[in-house]
Amino acid sequence: MDDSTLTQQQKLKYYQKGTFTVGNRLVADEERSVQASAERSNALTSGHRACQGCGEALGARYAIDAAMRATGNDLIAVNATGCLEVFTTPYPETSWQLPWLHSLFGNAAAVATGVAAAMRVKGKKTRVVAQGGDGGTTDIGFQCLSGMFERNDDVLYICYDNEGYMNTGVQRSSATPPAARTATTPALGPEPGNVFGTGKFVPKIAVAHGIPYVATATVADLRDLEAKVIKAMGITGARYIQINVPCPLGWGAPSYDTIKLARLAVECGLYPIFEAEHGRITQSRKIRRQVPVRDYLILQKRYAHLFRNGVDDPRVQRLQAICDAHIEEYGLLGDDAEA
Amino acid sequence: MEHDFAITLDVGTSLANHTGTWRTFRPDYVHRLPPCNAACPAGEDIQGWLSFAEAGEYEAAWRALTKNNPLPAVMGRVCYHPCETACNRSQIDAAVGVNAVERFLGDMAIAKGWAFAPPTQKSGKKVLVVGAGPAGLSAAYHLAMLGHEVTLREAGPAPGGMMRFGIPKYRLPRDVLDAEVARIADLGVRIEYNSKVSDLQATIKEGGFDAAFLAVGAHIAKRAYIPAGEATKILDAVQVLASMEGAEKPLLGRRVVVYGGGNTALDVARTAKRLGAEEAIIVYRRTREKMPAHDFELEEALEEGVMMKWLSTIKHVDAGAITVEKMKLDEAGFPQPTGEFETLEADSVVLALGQDVDLSLLDGVPGLEFSDGLVKVGPDMMTGAKGIFAGGDMAPSERTVTVAVGHGKKAARHIDAFLRGETYAPPPKHELASFENLNPWYYGEAPQTLRPTLEIARRSSTFEEVVKGLDESNALYEARRCLSCGNCFECDNCYGVCPDNAVIKLGAGKGFKFNYDFCKGCGVCEAECPCGAIAMAPEEI
Amino acid sequence: MFQIRIHGRGGQGVVTGAEMLSVAAFMEGRHAQAFPSFGSERTGAPVVAFCRIDDKEIRLREPIQDPDCLILQDPTLPRVVDVFSGLRPGGYLLVNTNKTFDDLHLRALADKLPPGHARIVPATELALKHVKRPAPNAALLGAFAALTGLVHFDSVKRAILQAFPGKVGEANSAAAQEAYDLVMVQERAATA
Amino acid sequence: MLKQMEGSHAVAEAIALCRPEVICAYPITPQTHIVEGVGELVKSGALENCEFINVESEFAALSVAIGASAAGARAYTATASQGLLFMAEAVYNAAGLGLPIVMTLGNRAIGAPINIWNDHSDAMSMRDAGWMQLFAENNQEAVDLHIIAFRLAEELSMPVMVCVDGFILTHAFERVDIPEQAQVDAFLPPYDPVQVLDPDNPASIGAMVGPEAFTEVRFLAHYKQRQALRLIPALSDDFAKIFGRASGGLLRAYRTEDAETIVVAMGSVVGTIKDVVDELRDEGQKIGVVTLVSYRPFPVEALRDILKTAKHVVVVEKSISVGLGGPLADNTDGVLRNLENRPRLHSAIAGLGGRPITRASLKRLFHDAAHAPWEGPFFLDLNERVVGREIHRVRKVRRSGSTAENILRQLALASHLPQE
């Protein structure tokens, strides 16, 4: 077999080992993930003070490194107040290796708009990423976010969704899932944990703005995440990516389970992964090995009250119903072109 | 750049903050023993050579393979591949087709004429190897590679031993065997055929050998006493299979009964079908589950029309018919007679009840010990006689080609040490890489490529090879199904998933190392390592 | 310093009138200050605007409490607002109406002023005629120039044209001209 | 070029002359005409190289300006009243980050009760935010202060708030000398940031600072404003050289040389006070007034130099620190504190929520300061009858309802009933 056949062979769908891993020594450099590269920018470098196994630290490096590659490192990041900001930039040390600005909790989207405007007026090609946690995005920063969307400002906003206010000690946010215990939704009373029927899913609200690009992603699927960030950086206008980033502290899970939890959240259907362009959902990432939501919940102390005395609380089934609804709504089962 | 005090910070300055001090558990890169390697009687580093194969580096793969086994093309056909039985992948979809890839590599080596690189230095020692079966060939090869002068003496007219005289052609074409033997000969091993060693001590003395490895095989068929009438035709399996190599094919008749439950019984039954028998019935006293033959071979035999008579013993053989007694298994699983009898038509009965060793060459050798007709050997394969080693079917073991090849290698290493006045100490074995050590998420669903098999119609009439080899795309696919259990395959997962960038990528082929200055010991790398090549251990405080 | 207070309703161009008047004065090299009665100006609500004219810098920021001239853009306002508050005894009164001071029951008030200091002008009618909109402010400014002589009509015209470039300005200017002429006729009649 | 124009439009033209690069607009009365004016200039192409962004709130307005400024653009926005409060967090942030943003504050009262008219409550609410705060006496000064503000902000890398009295100035048509572009260019060089978000020279701006360095950061901010005390007069001189007129400075004294009574005030009310001073001088009273242009930094020494010889200092201010009194009076008290022969301080709260400050009331006030001094804050033109009744009513009835509504009801009744 000559070389050309070999290359073609290697380009076959990759269901051999390495398919879902970060790297793959068997494919050409340009087909490898950003994170597999020894030359990745490490935009968020070592020495930061995130907890062990921090999903947000991981998600941020994944996303920003990908954006750095997509822009040839011509990138500025704006950060909302939150864990990410606190653990990366306590005086006198910063972990960021790109120009980075933190202003306030609720204004990252607007600050990024300002940076983008400055770049435009100065005729620079420098691109802007705004980033924040779910609190800074779906709650306090929502107005600025919506304004940025509506004006179609040239900003990619990345929300690292760890489903609560972890920086302040694990309080409920509008992204906290039903039944989850937080410091402000304790596992007490007739409806323990976060109340069913509350909260909001900002990616869909972003879609409703009709902006050029909206996606959800997960730290459990690096390649999908990177592809989305790189795609987003190829688009001008307002873009939104929400990345599910488990928080070992807030979720009450061992530090080593971070990626596993993110994976289970997707595989049970609780966290739908999809893409939308100009107001329409265009693609969803299919569930690969479906699991009942129970498998996901039972690993986390924030759901421990659902499994007391060896009996499953009926709320487990309510959560399963949410998963089932997601599966139907987003078409999460079936063949995935990428799988 | 000058900055505003405190509000603005120079990039990357957190590198001064060594978060490694937070760590209570420490990750380390480890090697675990892949179950395939652990299971391989020939001691092949299967995962090692697969890793070359999956990169398309076939020659490198073949060379890695032949470090332990000089007969990949043979092995790729006749090995019962315990590696595949052990393969962790079988818990995801199906075991990696190691055997098929091995055969692919062996065939490619023959086609491309790849040769072994002879050793640059000679030891000046001479070793006698007796028997050109798999154990002898293997030992000769390894000894030659270690620089020793090897003389291989074979009683028969051609090399291969039971590979030639026991395994049918449809399983092992003879040109393949010949090619691999020739390659060993090309290393400078002198092979003498039709040269039976009948007095070992004399031969050693005459030849000035410093050591000897005996692997004469087990060619004497075991007999069972079966009352037989006149004109009954009772043959033994060794005889039948060996005669297939000659010009005169054995005459078995239209209805053949084979007695026994091993692979040889199947070989005989399938051979009988190819020779034109209308019926080939295997009579076995126990059940399919208890049958020592490999299930896949039974399947192939059944496909070809071989019939099975389970839980039956032959009580009497007459002309044209046999009487069998039905058995039933007792609580311990042993067959017990029931007193029910049945008559089967049979033109011939072939006994496939096992073989014994011809130990006559050892007469007079002091210090030897025997047991059940076999030579006892130590863990170093040495017999009770100093400098005389033995292996293969003549030593106590499972009698397979692969085990024999393993014996040859093992003996060669000990002989080599012995010749240097040393003791060979095998490197310590790593902990087994169990399925629990893996993170199977990272392996895509990819069922085993079934090797193309000859259509049934053609099989029953010809001795064409039943199982075909893989083409390159199949072989590559199959190689890439390997999970690399227990050994890093540079998937970059640890490098990617570390929230603290505490994994240093050393470059292609060099793997990774941990940067303990920053590693907080979260354990994500270990959890997400697909192949179990990272272990967490408590930090010493 | 001469102080003018204009009363009207939201939508009648009260504030613009004061501003145009200040511009007219400015054009003559004088200092002028115009400002509204600071409120959320809704259509129909009573609105007041102010204008001060002086030959030196105007520093005073208080609302005009003792105007030298009162311009009433809407004669119905006295029923709801004390529009005449603080009008100086020697001051001027200009009322936009087709009626008479008697009709409006303002005769007594008009008579308190020096002769010729109170005039009526049908500014809305003129605006409808020329501008096709009931915006009496420009016409009233024309009448103001004629009544007080404080600014030249030419300056008023220029100020109008500056505020409303093009046809609208021309139309307003024509309305102002006609109002000016109407009042000048009365002035001449009075002095004759 | 002399123009008769609305104050807001004059400010808009001044802003345009300063060549801002990013302008954030969110409407709030009475600042709307300013951003509308600038918006027109951008949309028409008269102001080039400028991004005009219609944001969704004041909080976003200043946040966008923060981003733009940090990225090296000259950024401007304007607000008033509730708008300033809504952006309060960003106000502190811009100062903390040392971003030289210039913002116009069309001074307006803060609700509740909601009130769109002028006073200085809004500016006072942010006096400690770290911004420099300059108050315009008239629209000419409003124009000039904006030009000075950009230079001041950028030289010190510190934001500046230019306070322009809502309606009284923003909506007043008056004579303004709009400078030539060449003059402004000569005075105001292009923005050269002391730190900037730059991929070629990356840094992290806005780090978290703990107890180990926060005091120093705050000291340095204070130190910068202390530097501004010297820089502001220097810029005023520089301005005079280029533009041919004096403007800005820390403060201005009017007829204070031999004054026994000196009034201290800020913003447009000073014009009225000057007229009153002239009248009283004509009547023989030794009175003068100090216009405070720079409220932050507070020119303690310069003010003390003027006030030290007075017998009475009357502070007239349009704000109330509820529970204390007038903040400007309180600050002025600090100025006088260590004088050997300290003048008596009289505090007057006037013009809240747009109540007109009349010459008549001021004359009475200044007279009373010398002849019938009072303690604490005096509320000019307070309707004592109304408050008396309301206090009485609240005492009597537990569920007394809204004070504001009750007062309005009283006033409405009063206007329909014959005077007592």
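Each chain carries a letter (A, B, C and D) given by its place in the written order, and its residues are counted from 1.
Note that in this section contacts are C-beta pairs under 8 Å (C-beta built on N, C-alpha and C of every residue); 3 or more make two chains touch, one makes a residue touch a chain.
These numbers were taken from a predicted model, which means no experiment stands behind them.
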item: Chain occupying the middle, per Cα centroid; value: A
item: Centroid-based (C-alpha) most distant chain relative to chain A; value: C
item: Chain pair with the higher count of C-beta pairs in contact (A-D, C-D); value: A-D
item: Cα-centroid distance, chain B relative to chain C, in whole angstrom; value: 113
item: Chain centre separation (chain C, chain D; CA means) in Å; value: 34
item: CA centroid of chain A to CA centroid of chain D, Å; value: 45
item: Centre-of-Cα separation between chain D and chain B, whole angstrom; value: 91
item: Where chain D touches two or more other chains, by residue; value: 97, 201-207, 209, 213
item: Two or more partner chains touched - positions in chain A; value: 88-89, 91-92, 94, 96-98
item: Residues within chain B bordering two or more other chains; value: 6, 9-11
item: Inter-chain touch pairs (all); value: A-B, A-D, B-D, C-D
item: Footprint of chain B on chain D - complex, ascending; value: 96-98, 157, 194-195, 201-207, 209, 213-214, 216-217, 220
item: Residue ranges of chain D in contact with chain C within the complex; value: 2, 4, 6, 29-30, 116-118, 138, 166-168, 171-175, 268-272, 274-275, 354, 356-359
item: Chain D-facing residues of chain A, complex; value: 73-76, 78-79, 85-86, 88-92, 94, 96-107, 109-122, 126, 143-144, 146-147, 150-151, 153
item: Of chain B, residues touching chain A in the complex; value: 6, 9-19, 22, 54-56, 441-446, 472-473, 476-477, 480-484, 489-493, 495-502, 505, 507-508, 515, 517-518, 520-524, 526-528, 530, 536
item: Of chain A, residues touching chain B in the complex; value: 1, 5-6, 9-10, 12, 14-26, 32-33, 35-36, 38, 42, 44-50, 52-55, 57-58, 61, 88-89, 91-98, 222, 248, 254-260, 263, 289, 339
